[in-house]
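What follows is a group of structures, each given as structure tokens.
Next come two complexes, and both contain subunit A; in the first it sits with subunit B, in the second with subunit C.
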Partner chain A sequence: MNSAAQVLHARGQPAWSAHAALACAMLATGVLALLAGAVDISIKSLFHDADAVLQRMILLEIRAPRVVLAACTGAGLAVAGAALQGLFRNPLAEPSLIGVSSGAALGAISVIVLGASLPILQPLASYSLPIAAVAGACLVTLFLYGFSLRYGQFGIVTILLVGIAVNALAAVGIGIFQYLANDAALRTLTFWMMGSFGRASWDTLIPAVSLMAVSMLPLFALTRSLDLLQLGESEAFHLGIDVRQVKRCVIICSAATVGAGVALAGIVGFVGLVVPHLIRLVLGAGHRYVIPASALLGAILTMLADLLARTLFAPAEIPVSLITSALGAPFFLWLIARARPR
Partner chain B sequence: MLFAAAGSVQAICEPVFDSSRIAVAGGSITEILYLLGAEERIVAVDTTSTYPATARALPSVGYVRALSTEGLLSMQPTLVLGEEDMGPPEVLAQLERIGLPMVAIDEEHTAEGIMRKIRCVARILGLSQKADALILDTLAPLTVELDRARGRAGWQPLAVLILDARSGTLVAAGKETSGQAFLRMIGAQNLFSDISGWKPVSPETILSARPDFVIFSRPGADITASEASSFAFAGGTDVVAVDTVETLGFGPRTIKAALDLLVKLQGRAQPDE
Partner chain C sequence: MSLCARDVSLSLGHSEALAGICLDVSPGTLTAVIGPNGAGKTSLLRVLSGELEPSTGTVEIDGDQIDALNPAELAERRSAMGQSTPLAFDFLVDEVLAMGWVQSRCRATQCTAMCEAARKCDITHLFGRPFRSLSGGERQRVHFARALLQVWPHSATANTRVGTRYMLLDEPTSSMDIAQEILLLHVARSVLAHSVGILMVLHNLNLAARFADCVVLIDQGKIVAAGPPDRVLTNDLLSSVYRTPVLVERHDALGRLVVHTH
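And now, the complex of A and B:
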């Protein structure tokens, strides 16, 4: 116990400077993401030019909510990824790999499709969509957890196989809704599934970001419990952790975080996998460092991915998940190669 | 630059204040602008604007239902002209807040609907006289000819319209689709008028129902020999291919395309006469 505490504290100094550096980098990325885009915006003309009304509006009404959504979704996915990896004691637990994102997408898609045929739902769409997405994510996470209780601790391979099965099940549900959808809803779905932060606006952003913030905060408070859980559940229990309470909290909070993000942005893959791993490589596995640093790095990487998505082929845009997955999937392969004994 | 009036998506065909720089979302609208000789006003198009070929060289702001707000604004349009299905709604709401004037043109899948669409676009741009002349000279006579051919005695074939199908799945036009509307234009009865929307169908269903025609709608209207003969043994079923944009786009070329196909099919149906 003593040595474990020492190890955790020994990294204290560099960890704080790393956090400070990440926070600065996040702010810098945010400013870059605000200033770069298809429309040229110069800081000078914003303040001095009377004709810059349109540019100010683009900055405040279009780019700012988009950057905030990207940052929050990225932070949320990375924190949820880190917490789920801690909970399952498995480094490959990633919201989109194990099916949590698909569950959220299934919930959201049911609202898009059913909402199109039930006009009564239409005015409620801004609330029913996030609620359905969170419910879908919760359902999948609870199922995964129940499955792991029933059949014991997941090995790395098992969790991926279960993830494949859950994703396949969600795909069936999504497929049914696609089959039911009319032409217009179908084409909306196709692009919605690929993820984009371009739909952000302040009025939909504020409830979703509030939900993400509220559901992310408990995860920051649970870092010590997550650390002790790594020793095993009974060990953690004897060290004074209310294991059931912790698990319930991690499941609901990470599902709500992912669900709120998916509701506004669609599926953004691999952020929850790549970010916590990068942080662990540098700062070690202590959750008190991994979780806050993942939030910062997740925000940075997602803002950068969105910046690429909207500038690479301007004036058109590509789905942001194409970028995160193009970077994340090779990283995933590298992780597998690294983990295999030669 | 700031726009005079607060923008919102309108569906009315009224002249706009400034149509000097137009961003287009929808292939048929692009075709209409070219037809009216207003192509120099186009500053950006969407990815469905593939005809005429020169339209493809214009900056693209994405797929008609996945437009990019900032990408659109970066082309500094004074007007967004789109099909009624342009979107996503969130992007339109953003553009609305910026105050960019947007008009979504009503879509109606008939020859008359096409002419109304052309008149509507022309009225918005202040080119009504030109449109009236064009319609009077070419499209109205074509429609009359189409109506006459369609009304020919005994012409009531059963047909299937298949979308693309290069992936191997046969996706057929059901009710409330542009495909069924096109079949109606050529006076054919849709075998799949009971299913709603575009749905994958089994070749066996088609074979056992023995439609008179199987029409493949695909870009370029090319068809392989094996596809052409794929339904041949079903007893009298004829396979033809038409260009997707030309037929299902319901733009200025669609009336002519329908007439051409109708004449071709009537020629094939009665080879002995």
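And now, the complex of A and C:
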């Protein structure tokens, strides 16, 4: 076998071990996040101790939904970030930076505020909230894509400028709803802006997580299309990709993934930026590695961020977005410096 | 059996990019499209590849209307190489090459074909390097190899591919040095034997004179002349279309036409 063939055969082998390692790390992080917290839980005491009932309740009813929500939201944001970056062919496309998350937040907030005045919506809240958030996220993503089609391909930084505008518009909408909101709704709104997994409970979790799973799955099947799109839309078409269909699918699926996450956890910044880039640095740019590995690392990172958020100043909690942004913002600066045209 | 345009016209905005184009690309032949900047060469390629729908007229590939085929079916029957977009991420050269593989998922077949195509196009030594670190000419070689891989002739043992394939190349040599230009054209001619038909836009008229079976001269969206190089590459035709004096002579030592500008 000559050396070129060896190069080709070696491709992909490190990726499998990396995926396996990430999966193990995710499980370990999950267990750690379940056991650590304001009340420490030891596995032994769950079965033997006198207060096992209380501990089991904390574990199953408070901590487990929270950890599941953190893991799913992180995975979803990272996968959506990777897919949007692929679609826009832009390493800086990130759901919260380009306004997709704000769009989702606006949708969710409209339901909270209107729901408070329209009691009919209240019992449907666990469904109407994610639906409104997804609708908001879809609207923004479609707008961004339409804008990029009409005014030419986005330059690497233009997308951020458009993102500023979209975020500002969403802020106007959010401001109007804040003005309309009553006190109870206002308290809920505040947490949207900062992000938190603290409100997770099984009955709100299940619809949102199923929506996230359903909308994330197609992105795993589109990895080759996303690769080919990197050559440009015409080349992707020449290579057999139905470009319009792929674009529509990526936009709707990533927006739905982000929207479902935002509906429950609010805006968690920078996960969709940091995670895919770390994966690309290690495993290369091929989406068949970037997408699944981002899901795993996104889950790990968010569970850890949530763990920090609730243990650093326990029993008080800090918003999880403070932690992800503290990690993400310097990384983002570094990316901008690197993305300058060479 | 051919890739053919029948009376194709294309309007882009208010201007007419193509008007009444009739063209046949047969398997086993290399057609060169020449003409001044903005003559409609790229538009013609994009219509032939199915990327743009003609305003009037039809494009057929081996008797099938091109708009009746879906992108995946088209991709098995023709490859295209456009003027390339820069990549946003660090794909490796062999990953970019692998993007051209549209056939069976059999990994071994793909590997053999990729190595062979890379060897032909002299890009084997670039495997494993980030695509973005390559020079313009090297990038073109990789893209050409990718287009070649897409129409790769089947081996006798692997699942056999029937039918003819076509390659549509838009200025594939525009950033290459003279040696690489010649290499690319030799590789292109070598695949003609596997029932592949090639249409390429060329700016270098000497390459067209030397390698093309048929030359199509386009100006302002219309075909001015089409035929064997010695019929199309004439002083009068070229001088009037390019609006600059052109001298074509037969070089006896080389045994072919040579094109000069005054």
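Operating definition for what follows: the second predicted complex is superposed on the first by the 328 of 342 C-alpha atoms of A that agree within 3 Å, B and C clash if a C-alpha of one lies under 4 Å from a C-alpha of the other, contacts with A are read in each partner's own complex, and residues count from 1 in each chain.
Here, a residue touches a chain if its C-beta (ideal position, glycine included) is under 8 Å from a C-beta of that chain, and two chains touch if they have at least 3 such contacts.
Small disclaimer: the values here were computed from a predicted structure and weren't measured.
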| item | value |
| --- | --- |
| Partner chain(s) touched by A:Pro91 [first = subunit B, second = subunit C, both, neither] | second |
| Touched partner set for A:Arg310, first subunit B, second subunit C, both or neither | first |
| First (subunit B), second (subunit C), both or neither touched by A:Ala285 | second |
| Partner chain(s) touched by A:Glu235 [first = subunit B, second = subunit C, both, neither] | second |
| Which of subunit B and subunit C A:Gln178 touches, first, second, both or neither | neither |
| Subunit A to subunit B touching residues, read off their complex | 37-40, 51, 53-54, 57-58, 61-63, 179, 181-184, 186-188, 191-192, 196, 198-201, 204, 310, 314-317 |
| Parts of subunit A lying in touch with subunit C, wherever the complex brings them together | 2-5, 7-9, 11, 85, 89-91, 156, 227-228, 230-232, 234-235, 237-243, 280, 284-286 |
| Touching residues on subunit C, where the partner in the complex is subunit A | 46, 49-51, 70-76, 78-82, 84-85, 87-92, 94-96, 99-100, 102, 111-112, 114-115, 118-119, 124, 127-128, 150 |
| Of all residues in subunit B, those that touch subunit A in their complex | 1-2, 44, 47, 59-63, 65-66, 68-75, 85, 87-88, 90-91, 93-94, 97-99, 176-177, 196-199 |
